[in-house]
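What follows is a structure written as structure tokens; I'll ask about it next.
Labels run A, B, C, D and E following the written order; every chain starts at residue 1.
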């Protein structure tokens, strides 16, 4: 079966929506979809669901000969396969360009950044080493397979236990699981990937694109990074042109997103440990970011600056980090994360209030029928404060509708330029802050 | 390169050869100008570049220590590998050149399999355990006809240029022999390449036959005989190519022709090689 | 070793270059007259041949052709004797197919492919000798070959690598520096508008250092671009005498060459 | 009995994940879809089956399972309704291999994809130890039974005596009953859920 | 038997004389600004961005009134109506032939655009369609004129004049199309004893002298008679001269070809393939035509 191309009207619709900072699934530009990690009964098997995208990784190992040039290093081989299950047009066993590219990016991200300690995989120098193999299978395809695969493979590698061995002279005994407890791999850091898709010649960018967005994008920037803000790989693909500022902005976005993803990974791993120790066969963990950033979701213009702000604060954090010990580093990151969680769990009414306040701000900037709206929103505000938690959703749609009613009054161009300005100001802000730091 | 010609073009070309006037004015046993350069690839132990008319070939020799063949414990090994670069034309893209690559490398190993061509004993280090492996990689950059002759010239020149590092054989504490490379880079051995064969291809077009056929002439060739000729006129390997059939008398005639041309070609090449060894390297910049 | 330390103290690199100094660049256009375009490029000891065939009719069925623009097809290969250790190059391996893809990506940014609807442009690159920054040399040579073929380009896409040695960012990385394990950034740039058409980084690098390294690579691209421009200019000058005769003498005849306004 | 989840593979026309104590399999069904010219059948649709192990490549054991699934489906699926088309069944194992689990996941996925079938089917593995606790023999017998408890396919390992086979069949029939019950309740749940949304 | 092996560094270094000084050329490379002034028309080899006209190829700027073009040193042939081209049939299709003319896309020759044997105004029948391969088959060479240029740049050819049609015995040579000078006539019977057709697409056909009256049959009567040795030698000499001119980037038209032929007479034909001699002849020719200021 051949691949069905995206219809032109769909294409235009998606592009138009992106121009208006809206996405098909109602997410905000930099939101990830719901992430679910599920570990297998076996060690080293992990499934990641990123929205509808499903990726499965399985780590296996065998003993083999090392390279002559690197006699004390083991191997890490990554294989990516698009299962015909994921799309009817994927041919079984065929190495597509896309799979090839993914495998190379992941290899650079995990192997060339020395995330997995390959020297610890050496059994006997020059003769025997462990060969690790990560098989990644895309079971359901709905875009952003790289981020999902990176998360999945590093989770599987962290989860994996290799058989224990005893070396006596020239002989190597590999112990079965019953004889000796298998041992975990030595992993130095946890690199994860964030993909940023670009549209309209690089004017708009999104994280975690779904497949329909991927079909209309100009290109993407894949950033592999760990929580210490160390970039592990960078890869620009597709037909687009970026300037330096855009590249640096990408890394700022990635910095924020990596912290989120890293947290998901850590929580999932500990969830699995917990489940296993309590006798369950395996553990699962679900994270939904859309709730966390609800505030941002309602005011698109603010989200960008917000994320930049966050990146900036994190940069400041990291400056402190470099001076202090590693443990402190973790704490700082965790604190900033906890802060956000707290924020999200805060009083529902407060949230709604914030939303409306931000709306008011928006309207203030465009200076249109301010008083009228304020009255409206005050009415809304009071009504929602009275309302129960369950009504929150309705309330939001309510405000949205009202906003839509108001929208035609605004000129679309002014809106977009206003956004552009705010973006620019945001970047200049970051620059300034950097300058300050340098000054110190 | 595949050249398509119309029927009348072929007739014009064939008649010309029968009359002894080739398309470019050469006589039937004239070669085009051969450009020779040695040591073009610094990363190789020996290398050469041969331009024969429009054909362009690069050959590199690399020495590595490996195990000898069990049947010949005292000898080294030579391994031929031919690569048809896509640079030569779109038809060699991807797997396009594979067949030709195998054909040429097989013919090269056949021609060099005769013991008298190259002294392989000199490549032996520790009998039965270690020896030199000479990897001879040929890169065909442009195919302007008569590629086989050009390849053989390049291989012979590259071997002439090859400097094999000298090694010391020591006895280790365990009583095993060990090979140690000398630190001095100017300490090397050179093989005698006097007896290395050169290919001579003779193409039969109509009633005449020619050496060093151009791409167009190859396209009208009915039968072709390729022989690997040593400087003393001995033929170490030969093959007949193309679809046409040959009578016994013309086969013999062509072989004789091969021998004659081959001896002359060997003589000219050998005389030029020593000169080329000391010539400055120009490479692809000229 | 002592000499090495001395070099390091004096702010020199292992091969005696300053951090922002490029290796010597030599070029030659039109190496193979049978091709539509060809170029040879030396970047220090990395030596590359590139050939362009086309634009021509799409090969392998009309299904592959694009009615709006050209299909660019790249094939990269590396001769067995190119590096210090002999290695037969896998034409269909993962790495080479990735390199092909990346070359296409970078060239697509420069080629005005809408002018060559339904056509195919083949770019073949052969590394004759390798000493680091292979991809950069390949891309630079491909650009030169495209120019030699008279294919319309928006700008001369140039590529340069950068890495960090002893906490200093250095440009145009050689093999020794490349294999030292620190992060290597490769940038393909359209210098006219300073637009990045290709970017790749491997190895680990703190995000704060990215800007510095990026600046370094971009600067390198700009310098390479200036050198290439100069070389193309020289080539043009020595080979353009025929224009004095082929260019139209009277306006009347030239009017036939209609403008390419769509 | 196990856990069943429908619609896991959203891109497919129907899919199901079936988890038992022993195994865990995902099955996706695409169909009826366009068929390759070489596989086209004039009077019915062709059934393509692909089975992928949890890691590594498809090998001979998977090929065997593919054949078993195909022969079972050939007799169950009403292929003549969709001439010149293909029904593609893909199974991905997430844990150890178990034939009955794979086959049941296929049946559930076909139900989800609403591919017309003559009858539902259930697969049961019976090992000798199921029949006789004292038996340490690991011979297994796999039955695929239709709605009327008639045997569609069977596949055995080890040595089985005739009377043992009969015993195994009655055991399987009993188990099949509960599996069909399970199918029914799962489908009911799924339909209810769809109705609600 | 002649075998000539030379070392690469032995190549003669002729100092190249700069002729461009007489008529200064405006040379540009891709990305160079041609003009910032408004009001110019964008021609081939240029593009407009933010009201600035840039070059997209490396070559020479040509300004004709308000139209600015950049002509590259060499490129694939871009056809214009009325050009004389030489092409090779590569496919026989339904009612048309596909012709390779070294342009970016294959050209077509419609059955309706050829003269069929037996009269110019004969109606094309189904019989003719079946017989197409008998007229022109794969590999055959034709001379033709560009009838029209399609939107995608591919050419439609015609041979509806008795001077065009299938080519018989002779030699074909391919040179960069940019070296061919556009002339009124591209068919020449040279006084040295051969005919030459210089196609605008860079294909040059050299053949025994065409007899004006009897040979103009549209090429459907093929002559397989042996060509005599002296003619052959002239053809070979002309071939080598044209190759020498092309390799040294000297413009090619009847005058330069004759000029080179004249200079070559002091050498034997086979000596002309030696790169040094070829270069010498090309440079002499170049000098001469510049001095005469053609």
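Everything below uses one rule, namely that a residue touches a chain if its C-beta (ideal position, glycine included) is under 8 Å from a C-beta of that chain, and two chains touch if they have at least 3 such contacts.
Nothing here was measured: the structure is a model prediction, and the numbers come from that model.
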If a chain touches chain A and chain D alike, it appears here: none
Taking each chain's C-alpha mean as its centre, the one farthest from chain B: D
Interface with more contacting C-beta pairs, comparing C-E to B-C: C-E
Central chain of the complex, centres being mean CA coordinates: C
Between chain A and chain C, centroid-to-centroid distance (C-alpha), Å: 33
Distance from the mean Cα position of chain E to that of chain B, given in whole angstrom: 36
Interchain centroid distance [CA atoms averaged], chain C/chain D, Å: 55
Sites on chain C at which at least two other chains make contact: 56
All chain pairs that touch each other: A-C, A-D, B-C, B-E, C-E
Residue ranges of chain A in contact with chain C within the complex: 69, 95, 97, 100-101, 103-104, 108, 112-114, 221, 225, 228-244, 247-248, 251, 255, 315, 318
Chain C-touching residues of chain E, taken from the complex the two chains share: 16, 18-20, 22-23, 25, 27, 29-31, 41-45, 47, 54, 56-60, 62, 64-65, 67, 69, 71-76, 80-82, 104-106, 152-153, 178-182, 247, 249-251, 286, 289-290, 294
Residue ranges of chain D in contact with chain A within the complex: 8-12, 15, 24, 26, 28, 30, 33-34, 50, 52, 54-58, 86, 88, 90, 92, 94-95
For the chain C and chain E complex, residues of the former touching the latter: 33, 36-37, 54-57, 110, 112, 116-119, 147-156, 191-192, 229, 232-233, 235-248, 251, 253-257, 259-261
Residue numbers on chain B that touch chain C, as the complex places them: 1, 41-44, 47, 54, 56, 58, 60-62, 64, 81, 83, 85-87, 89-90, 93-95, 135, 137, 139, 141-142, 144, 283-285
